[in-house]
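Both complexes below contain chain A, partnered by chain B and then by chain C.
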Partner chain A sequence: MSTEAIGIMTTEPLDTDDAAVLADITRMLRELLEEDGLDDAEISRETTFHDDLELESIDLVTLAGVLREHYGDRVNLALFIADLELDEIIALTVGELADYVAASLRANGQG
Partner chain B sequence: MTKIRTGEITTHVQRLPAAGRPADGSEPDVVVFVHGLLTDSLASYYFTLGPAFAAAGFDVIMYDLRGHGRSDRPATGYRLESFVGDLAGLLDALGETRRVHVVGNSFGGTVAAALAAWHPDRVATVTMIESEPPVAEWTRHMADGLADAKSQLSREDVIGWISAHHGAHTARLSRGASRILRVTTLAEDIPAGRVIDDDLSALNCPVLAIFGDESGLSAQVDSLEAKLASCRTVVLAEQGHSVLVERTEETRDLILEWIRDHTLAGAVR
Partner chain C sequence: MTRFLLVVPPLVGHVNPLVGVAGELARRGHPVAWAGHADQIHRLAGRDVTVFDCPMPAGGLVRPPELTGPAAFRFLWEEFFVPLADLMAPGIEAAIDAFRPDVVLGDQHAVAGALIAERKGIPYVTSATTSAELIDPLAGMPKVAAWLGELLGGLRARIGDPAGTADPRFSPYGVIAFTGRELLGDAPLPWERTHLVGPAIAPRADRSDFPWDELDPGRPTVLVSLGTANADAGGRFLAEAVSALDGLGDAVQGVVVDPGHTLSAVPPGVLVRAHVPQLDLLARADAVVCHAGHNTVCESLWHGLPLVLAPIRDDQPIVAQQVVDAGAGVRVRFNRVNAARLATAVETVLDSAGGHRAAAEAIGRSFRAAGGHVTAAGHLERIAAQHAPAPIPATH
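After this line comes the complex of A and B, so read on.
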């Protein structure tokens, strides 16, 4: 592996990508919440889907479709959530989802 | 999100294509998942059995029952025959002419059995998870349970008790259930629907029935085995009604193994 490749994997651009992913997800959630008339909700990394945004599991199905439309098959929310216990799903935060999406994009070589 | 016109309503459907094709080049079998009443939606499968069945080589169809999830919620029209009509209409709309494997949880299993009884040409197998077939006794159970839920869940003190003892998540689900019961005739319609004869002679396809031993529904095991020509029953120990949620992996493996033994092309391994 060249030093150039190591540099790409370890320095600044990744942080920017993580921020971009968080911004993308925040925008998707705003659009989703707008349909429910809850578009003024605060959204940060610590925001939980269940308690803060009051999203139900069927809303996560919709979000999964939006994520796939945006990122393609690289991001599979169903597989991510299938690995979680019910209490983990209930406690899931926007930041955890953003981390998963960013990691999925990196794993597929397009971070 | 895909919404499809199925008769007089619009139905939210999610499909997952089979991960691979059968070795002989034939079409993969289709598995349709039907969720339960009031607190349920296709999300119960979307994050659990759906991806596993697609990965195992089945075309997967998941949809929201009328009144639930993202499907339409008409004020009236909740007899069993309407739910069955929606499912047959969905298969028509998707161009699905092959017989399908229908897996239903709780009320979803009753819908699956009714589809098999009234449209036997459309169904390869039925799996009922904690379900009753649509016989007269089932309508009496539903009448009691739904009337009880309708009166109890409309009370704030009951919701408060649920929140304190079962958590905010269950309390929110209960509020959602109460909303369906308040704005629709579901509680009155379901017990008034069409039924099949008690001898279950209308159910001719292979049936897999899974129960929890702590659920009253497991008392049906002997009757099902005696009446159905092709039936396998499984009772999970130390388990109540929430089989799909609490015993997801066992349930998945049981159904996968059983459907693989009953594919349209014959058993595949």
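After this line comes the complex of A and C, so read on.
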């Protein structure tokens, strides 16, 4: 069902600065949602995945793939989700995801 | 002869597939009784069936339209399915004592049936009316799975056998799932004794009158329906759907189901009805726009119709994705989609070059071959025979 990450790394070092990561994720979410009629949504750190963006769990699976494509194996959204309680999933914000991605990049080197 | 007790929640989509199964079991000479919401079961299964009425939550399953995603999941179990099981327990207990079933067929979400049968030592089979639970949607969320496990554990301590360990949603005796492999893709089944019997599409008493002569035979018919449980949430979507169909002009004949009477001005050329005879209409339709409820999806695919899917909550996003992955439909966002995007989606699935119709027809053929309620009845007879008490040996 799922495919193993090939682990293609970008040749240019990625900026792990929090703001840059947030910008990356915002762009990915826009791309993810644009196909489905959400071009104009404001996305900020406080934006929630479920109430604000109306993403379903199944969309998080798609997002996990997009993140891996962009950052390689260093960012594993599935691990992050697996550690969340139901209440935390309900209230999940874009900022929390950005912080996890930034921390993963710092912990796993800059490529 | 085997005595079957069917335990169902007060949800049309969970009762309907078992109506055909109950009829087939009765035809084969087995005594059948139901436990659940008596008024609803009589309405769906007929006046002459035996029903043991169970107390039901006041007002049924009512959730604000904006309650979606994981919050809707939490509500569904914490505020509906678990309280429902506590409420139904005495009625099921009484039904078992009075009817003395050999086998209990319990809906996957009316878990009191499984828990009480387990405590009483009666073989029980799970009826699964959606494909979504079969792919283990909580696999990637172990803490959520643990939360649900605790909730069910507490329930078992109150109404079941505290020493029991089986997941009441997946009976160790077998799971009969009214769906098909074509929807599940290559996802592994949760349990080897899961029988995919396809949707149980039996003719049902449908008293909706319909102005058949108002359908333009020269235009492909597109049915828009949000199912039986979403009348409160559908206003905006239905209005966009009507504009989309109107905008497509002579390219389609739109039929919109509006049970909540939310639509005001309806352009000529689009047919709006509070109720429709859905199966009869599907037999004449060319595409369906719906909320991705499992029953509407399966009935549409059964008729070989491609789908535009606007899932609202619960299992619907998963079912929608399964249809998209199978190539038989496209997904739009229920709360975001506008008339223009909806029109494009309808055109996409109607265009034979896109392959959606061919994929839907292939799924429909396999659904028909799976046998539905007839195959289900066969599995139930076999499971009953395997677990029938051994005859008492004659004394010498």
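Throughout what follows, the second predicted complex is superposed on the first by the 94 of 111 C-alpha atoms of A that agree within 3 Å, B and C clash if a C-alpha of one lies under 4 Å from a C-alpha of the other, contacts with A are read in each partner's own complex, and residues count from 1 in each chain.
The rule we apply is simple: contacts are C-beta pairs under 8 Å (C-beta built on N, C-alpha and C of every residue); 3 or more make two chains touch, one makes a residue touch a chain.
All values reported here derive from a predicted model rather than from experimental measurement.
Asker: Quick check on the superposition: with chain A as the shared anchor, is it clash or fit for chain B versus chain C?
Answerer: Chain B and chain C clash in the superposed model.
Asker: Name the contact category of A:E56: first (chain B only), second (chain C only), both, or neither.
Answerer: In the superposition, A:E56 contacts both chain B and chain C.
Asker: Does chain C touch more residues of chain A than chain B does, or is it the other way round?
Answerer: Of chain B and chain C, the partner in contact with more residues of chain A is C.
Asker: For A:G65, using the defined touch cut-off, is the partner it touches chain B, chain C, both, or neither? Pick first, second, both or neither.
Answerer: Only chain B is touched by A:G65; chain C is not.
Asker: Please indicate which partner A:E85 is in contact with in the superposed arrangement: first for chain B, second for chain C, both, or neither.
Answerer: The second partner, chain C, only.
Asker: Of the stretches 38-46, 146-154 or 272-280, which one in chain C hits chain B?
Answerer: Given the superposition on chain A, chain C and chain B clash at 146-154.
Asker: Under the contact definition given at the top, report the residues of chain A touching chain B in one complex and chain C in the other.
Answerer: The answer is residues 50-51, 54, 56-58, 61, 78, 81-82, 86, 89-90 of chain A.
Asker: Quick check: in the complex, which residue numbers of chain A touch chain C?
Answerer: The contact residues of chain A facing chain C are 1, 33, 36-38, 49-51, 54-59, 61, 78, 81-86, 89-90.
Asker: Taking the touch rule as given, give the residues of chain C at its contact with chain A in the complex, in rising order.
Answerer: Within the complex, chain C touches chain A at residues 66, 68-71, 73-74, 137, 140-144, 147, 185-187, 311, 317-318, 321, 331-338, 341.
Asker: Provide the residue numbers of chain A that touch chain B in the complex, in ascending order.
Answerer: Where chain A meets chain B, its residues are 50-51, 54, 56-58, 60-62, 64-65, 76, 78-79, 81-82, 86, 89-90.
Asker: Looking at the complex, which residues from chain B come into contact with chain A?
Answerer: Residue positions touching the partner: 1, 14, 41-44, 46-48, 50-52, 64, 69-70, 168-169, 172, 176, 245.
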